[in-house]
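The structures considered in this document are given below.
In what follows, subunit A forms one complex with subunit B and a second complex with subunit C.
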Partner chain A sequence: MASEWIVLFAVLAPVAFGLLTLWLPRGWIEPRMVLATAGPAIAFAMLLNTAIDNRSALQAQHDYAEAQASHNDHAHGDEHDNSHAAEDASGHHGHADSPADHHSESVHADADAPAPPTTGVLPWMPSLNINIAFLTDGLGLFFGLLVSGIGTLIMLYARGYFGRAGPTSADDLYRFYPTLGFFTTAMLGVVLADYTLLTLLFWEMTSISSFLLIGWDRYDKKAVKLAMQAFFTTGLGGMGLFGGVLVFGNATGYWRWSEMLTHSDELTAQLQHVGEHPQLLWAFVLMFIGAGTKSAQFPFHYWLPGAMAAPTPVSAFLHSATMVKAGVFLVGRLFPVFAALELFPLVIIPLGAVTMLYGGVVALQQHDLKRIFAFTTVSQLGLLMAMYGVGAIDYHGQPAIDYDVTQIANHALYKAPLFIAAGAIGHVLSRDITQLNGAFYKHPAICGTMMAAALGLAALPGTISFQAKELFLYGVYHGIEAGNVVLWIVLVMTVLTAVCNVAICVRVWTTLLGLPGGMREEHGEPDHGHHHEHAHEHGLLAHLIWLPGALIVSLQFVGGVFPKLAWSRMLGLFEQPATAHNYFASHYGGLPNLTELSIGTPLICSAIAIVLGVIVGLAKPLRGSIGDFADRIYPAMYWLSVTGGGRCFRLIQTGNLKHYLLFVLGALLLGFTWAVQVDLADNDGGMLAALSSDTAGNLFEYWPGILLGLIVCLTAVLIPMTEVRIVRVLFLGACGFAVVGLYLVYQAPDLALTQLMFEIISVILFVIVLRLLPREKLHTIKLGNKAWRLVLSCVVGGVFGWMTLIAASTDRSATNPGKYPLGKTMAQHSYGNKDGLDTAMAGADGPELRGGGGTNVVNVILVDFRGFDTLGEITVLGIAAMGVWSMMPHRRRRDGRTAKPNNTEQPGVTA
Partner chain B sequence: MTMVLAICVAVTFGVSIYLMLGRELKGIAMGVFLLGHAANLSIIAMSGSPILHTHGAEASRAPATLEPISEHLDEQRHPLMTGVNIKQPPVLEHHEPMTDPLATIVDPLPQALILTAIVISFGVMAFLLTLLVVTSRRTHTLAIAELAQEPAPEPDGGPAQA
Partner chain C sequence: MSSSILRTAMGLIFPLTLLFAVYMALKGHNQPGGGFIGGLIAAVALVMVRMSHGRDVMASVMPFHPRLLIAGGLAMAGVTGVVPLLFGHPLLTSRAPYVHLLGEAIHVPTALFFDLGVLMVVVGVAAGMIFRLGGEVDPA
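Showing the complex of A and B:
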């Protein structure tokens, strides 16, 4: 199994290389491109190596098990001549009681609940169940290779795309490569992380990078808005996923995908009786919200067409080939376990099917190439979701899924080239399909790429897309055969969607070739694409604008013409073990060749779709350009959260100190009343007892205390009673000095000294400030106002006095054997004298405990035991000083204004 | 002694609330200041009374019953009072045995907390007073009712004084 370091390096390589490009001078475009491309390329190579390693390890196990099996049981051995994985798996079932040898056991586990190939664990935050480990199973590695492979080509394409954009291209690329590297790393992390929370972390990073890339044109307000819309929607989904992961982890104690997979039997059993485990249901629903929003499922699909504001390399990479498939990936991750949930197909199939058809129909009515392809992406994502839903329907007694990886790969292999070509043609001509009539003759390479990819979109025979569509149709058809008549609807919807896709393909072909049925500009519609006639580049680099697309799309045809090769050499490496039970494998031993397909309902469906599609594509109706009603969902949500939230906020945050105080004091009084109630009922009125002089101490026991207390009370009461403000300040000072005296009585010389000093400064400060303030007008204060203030103050003051008594009189010796344990410990350790320590603290042979080395306990506490607190205190003081300094009038003079002379005499209060 | 403190806390707290509910910023600043005193006093009350209690009528006269510390107490009676035994400040003679230091000295922890609080409340007060000056410069009033009607300041600092 792969080392975690290798996978970690592969995951981090794109962002690392992307950041490295920042060191290059801006003008160095070609070295920048090479360096940026190296990141995903290296990741691709390393992941491929891991995949091959895994495969050979699995093969070795397999062979070993076969040898063991034939050695132990010759009767069963004959079955292994048949190379079908399905029968292999069932053949191994018979050897449950073969010798309990290490290897055969693991193979047995492989047949039942496959032990997923995980890497080692690098501890990160073990207490929070976040560590760094990777799950390099087929699904994860397939996605990893898809991301890094397409990422490599997109890095090259970006050079072609931005390279022609004119003088800003160097700047654009300077920013673009690190951001795209960041995304690539995030996406690799999503698909490879083993810890659920680590996946979530990367998941959010993909949302952030998507946001950055959609709003690439920082000065385009619309793009920024659309970026917000995408971020908001997928971020909401991320919250859902977060909740789902937490609920799942809480309910089951599994925080790793691999744990979930290895315990799939147990979880499946629980999910079949989900009524007893409602948490699992919630976990599924929440996680599906995450998957659904990320993968643009209806009605949250609106963000994806909006995301087309991004530069085309981004659209091709994030919003068609990789990131939007994260939701599909998540469902694929959950499939082996959650397929057992009855709700799984019931939720996923309808949503997926509706998304699929809706996307297809809306795509027909767009004119902007990127929007057309965006809606077909929505449609295809719906299909992929529905595929997992259909797979969850029991077929021959087991949920089975036909080549999920093949179908996902197929979409990436035609959609990325479509976008690449759309971006390229948008740069040289226009992105509006009505303006592209006959464009093929001007730009054959770009248009040829697009037309080839459009064949994949239409799923015509000869592309791997055709097989994929067949697979899906077979899946639905088998669901029908298994008795789910409702699936006929899904079958019809699939055919209709296919009709839309074929129609789009036909339109692209006829338009680009300038054939009669093609789209034409009618009565001068406004052009949405930016069609600047760019200066043509020459040389190899000029071809980077279509070459990556052509490379990717060629795989479509390789897979379509040689499906067996594609299956065994490429995609078969990554199929989930569940596919061992599928239909195609047992009939054709892999993806079927075209000639091998037997005529049946699915094939007829495909034929119908193609014929109807050609008709629709050539027909004039349905060519209008209409919007998507779901585009209003986000503005409505935005209005609701911003405006509604603002109103709620102003309802609570009135900005009036009186209201805040009333809230706080009201809560205090309510809480205290409740506490007294509870105390009287359960605790024999200990709070009331605190009022008696027994525990509170005799009021008259110490006359200096009485005297000081009297001064404090008297001066405090006099403050609001005087009108002359200087006198009020003097009373305030007098009160403070009496408090100093109380500190002395309480044997706190440090406090007394500090308070004395600050009291003096405060009084001086107050007097100076009073001088700077305007004379106040004589208020006529209403008596009613005064009365309720008085009542409230008296009540609150009384409550606080009572609370002080309670706090002071709590018999701490009853609950703690050592009285005042914290203060005592601190006093004991203040100097560090070992002799007096409790024997428990310093064992006879323990090291000599060293304390603060000071005899003033308060000082030692401040600088040693609570040193960080003191640091915080200093920070607060520093911040206050900065605030005062920034507000001081002398700063104004820099603006050229002359301050009044006395303005500048603000004393250095913070010295 | 705790009772005295509790009354002081009650009064200062009440007055500070009364001031803060007022309609003028200077009074509110004074209320905040007083609130600091009230809070500090209630914290120090938690260190327990510094008066060493002895029971019965001889409480005021008789020496403390705690044998090992009575001699220290005799030396260090509070100067203002005869007959009342008071604990010592939390300053140690480091050679003395410390099996139960809090029998002879007051609890140092509340003091440490208050020391921090004093410093911070001073910082807050300085900030508040500066705010007061700046506000009155800009708006020419410190009455809350009038301030509420002031337009919100511009992001760059509002209408500056000419």
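Showing the complex of A and C:
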């Protein structure tokens, strides 16, 4: 198994190298590009090495299991032989953890399920269940290689896109590489992290970096707004995921994905009777909200087309190939366990299918190339979701669908080149498809890349895309055969979506080649907004604007034409289907071979889609540029939450100090009343008894205390009844000094001393501050409307006195061993009864305790066993002093007069 | 606010008050006192010098900005809290050993250093606020 340090290094390499580029001088664009590219490239190499290691390790394990099991597996019959054939053809055996694997356990019941290949654990916050560990199973490694591989090429493309000669290109690249490196690291973390909360952490980091990259043009208000839209939407999903992870962890005690996978049998049993474990249902629903928003599923899909405000390298990387697939990845992670949930297909299939068809239909009616491809991305994400939903329907003990990795790889391998070419053509000509008639003859390389990638979009034979679509159609058809008639609807929707995709491909080809039937200007207003004029570059580096796309798209055709190669060298590293599909006459590890297709429903569906697609693509209607009605969802939600939230906010936050005090004190009284009630009902009623305890009796009989208390009350009442501020301050001081006297007569000398010093300083401060205030307006005090406030004050004061009595007198040590009264507990913690001090109070009845070792309880509380509080308090003091120094203007008047504050209308403190 | 009687008396009172402040802080662990009280006492002494002698004398008595006291105090308290971590104890763990000096066993809790940090912060905050706000009403 891989070392955790190696994977950690691979995850952190992109951001580390991205940050290193900041050390280079601004003008050094090419060294910067090389350095930034090194990060994801290193990550790619290390992850590839890990994948190969994993495969050979697992293969050895698998061979051993085969040898053990070969005696007694005849009972399984044909099915097993078939899978042997498939494995032999692909030349290897091992695979740990494709979603299918857990289903395959029912087939290969004789072999133990291999443990998920986790790395070691680096402790980080063990008490919070967050540690650093990685799960390098097939799904995670596949995504990791996808992210780092495409990331490497996008780093190169960014150089071509931003160019050398543009006015801002040096500045753009300066910021771009670190930000993109940050995203790459975050995305690698999401797919490789083993701890659920670590995944969540990286998940939020992808949202943040996506926000930064969408709002790349800081001065474009619209882009910033769209960035916020994307951030809020995916952030909402992040909260859902957070809640889901917490609920799952609390319900099951599993905080690692690998734990979830190893205990899948137990969890599956629980999920099949989810009525008894409602928490698991909630965990799934919340996590699915995270997955659905991130992967732009139907009601939340609006942010993805909006995210096209980002520079094209970002669109190609984040918003088509990797980040939007994080939701799909999450569902793939959950699939082996949560597929047992009855709700799983019922939620995911309809949502995915609707997203799929809706995205396709809207994409057909766009003019901006990036918007076209954005909506097809939405459509494809819907298909991927629906795929997992279909896979969850279990037929005859085997999943209806495999090859999720093939499906995901296929989309990345044509969508990223489409975006790369769209950005490139937007640089040299325009991104509006109606402006591009005959563009192929001017820019053959860029247009050739786009046309080749469009073939993948259309899923024509000869591409991996075709194989993936066949497999999906077969999965749905398999479901129908097994008697699930509703899936006919899904089949029809898939075909309709395929029609839209083929039509888009046809339009791209006819337009770029200038053939009849292409898009022309008369179909709508030309959109000049997306054209950025850049000086044309020459030389090798100029080709970076299309070369990465061509490299990526070539894999589509290599894999499509040579499925055996694709399987053994690329996709087979990551997944191992449970069962070979008998439907395909020839299958290399499951990928259908182009030359040996057998006629059946899936193939007929594909043929229908292609024929209809060509007709629709050449037809005149459906060529307008329409808006997406869902673009209004976000503004409506935003308005509702901001305006509605503001209204609610105003109900509570009136801005009036009296109201705030009323709320606080009212809540205090209610809470106290409730506590007394509970105490009387469920406990010994000690809170009420405190009023008649000996402590209370002693207080009421000691006449110096009563006298001083009366002085305190009198001065307190006099403060609001006087008019002149300075007199009020003096009354306040008198009140404070009376309290000093109270401390003295009740034998608390250090409290008295502290209070005395404090009173002196506060009176001086008040006098100084009052002289800075504007002249006060004298007005007569009316007691009438203050009567009820007086009552409230008296009640609150009484309650506080009561609380003090409770703290001083309640003793429950008889019924609760070890629970001493407050005073005794404090004394015990201060003295300790272990280290030989005079322990009069903390006698033998307490537990062995090494306290603060001091006899001044107040001081030991402050500096020793509650020292952390004090540390916080002195920090706050320092911050307050800094506030005074920075906010109070340091003006000195040399003429001896008092400086006048600027704002003379500001009301006084006591008004 | 400057009277000659106060001014003369302050020459004697001020050092004594500061000494008393330190004394209060040092004995705080077992007897009434502590860093907070000590800090307040010292702050009152400084304020009185400021009132009797004016800003310029004050500047010679305390030739640095009070924020240095705050920073130093916070650092001292923070370091006292962090040091136990180095020995594998929780934050702010204290020991109360006896130091034998000239034949006397003196009780020196490590919390004392924390307390001195508190003293410095309190002096810095109280004195600093009053100086800044009082700058407005200075009689030339």
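In the analysis below, the second predicted complex is superposed on the first by the 660 of 911 C-alpha atoms of A that agree within 3 Å, B and C clash if a C-alpha of one lies under 4 Å from a C-alpha of the other, contacts with A are read in each partner's own complex, and residues count from 1 in each chain.
Definition applied: a residue touches a chain if its C-beta (ideal position, glycine included) is under 8 Å from a C-beta of that chain, and two chains touch if they have at least 3 such contacts.
Source: prediction; values computed, not measured.
With both structures placed on the common chain, the touch criterion links A:F868 to subunit C but leaves subunit B unconnected.
Of the two partner chains placed by the overlay, neither subunit B nor subunit C lies in contact with A:Y219.
Contacts of A:R728 after superposition on the shared chain: subunit B is touched, whereas subunit C is not. Using the contact criterion defined above for the overlaid structures, shared-chain residue A:F649 touches neither subunit B nor subunit C, since it reaches no partner. Of the two partner chains, subunit C is the only one touched by A:I760; subunit B is not. In the superposition on chain A, A:M803 makes contact with subunit B only, while subunit C stays out of contact range.
Contacts of A:P704 after superposition: subunit B is touched, whereas subunit C is not reached.
Touch counts on subunit A: comparing subunit C and subunit B, the chain ahead is B. Within the superposed three-chain model, A:W23 lies out of touch with both subunit B and subunit C [touch as defined at top]. Contacts of A:L877 after superposition on the shared chain: both subunit B and subunit C are touched. Subunit A residues in contact with subunit B (one complex) as well as with subunit C (other complex) are 749-750, 754, 758, 761, 765, 769, 772, 835, 855-856, 858, 862, 870, 877, 880-881, 884, 888, 892, 895. For subunit A in complex with subunit C, the touching residues are 749-750, 753-754, 757-758, 760-761, 764-765, 768-769, 771-772, 835, 852-856, 858-860, 862-864, 867-868, 870-871, 874-875, 877-878, 880-882, 884-885, 888, 890-896, 898-899.
Interface residues of subunit A, counted against subunit B in their complex, comprise 655-658, 661, 665, 693, 695-699, 701-706, 708-709, 712-713, 716-717, 719-720, 725, 728-729, 732, 735-736, 739, 742-743, 745-751, 754-755, 758, 761-762, 765-766, 769-770, 772-774, 776-777, 779, 781, 789-790, 792-794, 796-798, 800-805, 807-809, 819-820, 822-824, 826-828, 830-831, 833, 835-838, 855-858, 861-862, 866, 869-870, 873, 876-877, 880-881, 883-884, 887-889, 892, 895, 897, 903, 906, 909-910.
Listing the residues of subunit C that touch subunit A in their complex gives 24, 28-37, 40-41, 43-44, 47, 66-67, 70-71, 73-74, 77-78, 81, 91-92, 94, 96, 107, 109, 111-112, 114-115, 117-118, 121-122, 124-126, 128-130, 132-140.
Subunit B makes touch with subunit A in their complex at residues 1-15, 17-24, 26-28, 30, 33-34, 37-38, 40-42, 44-51, 53, 60, 80-81, 84, 86-102, 105-112, 114-116, 118-120, 122-127, 129-134, 136-137, 140-144, 148, 160-162.
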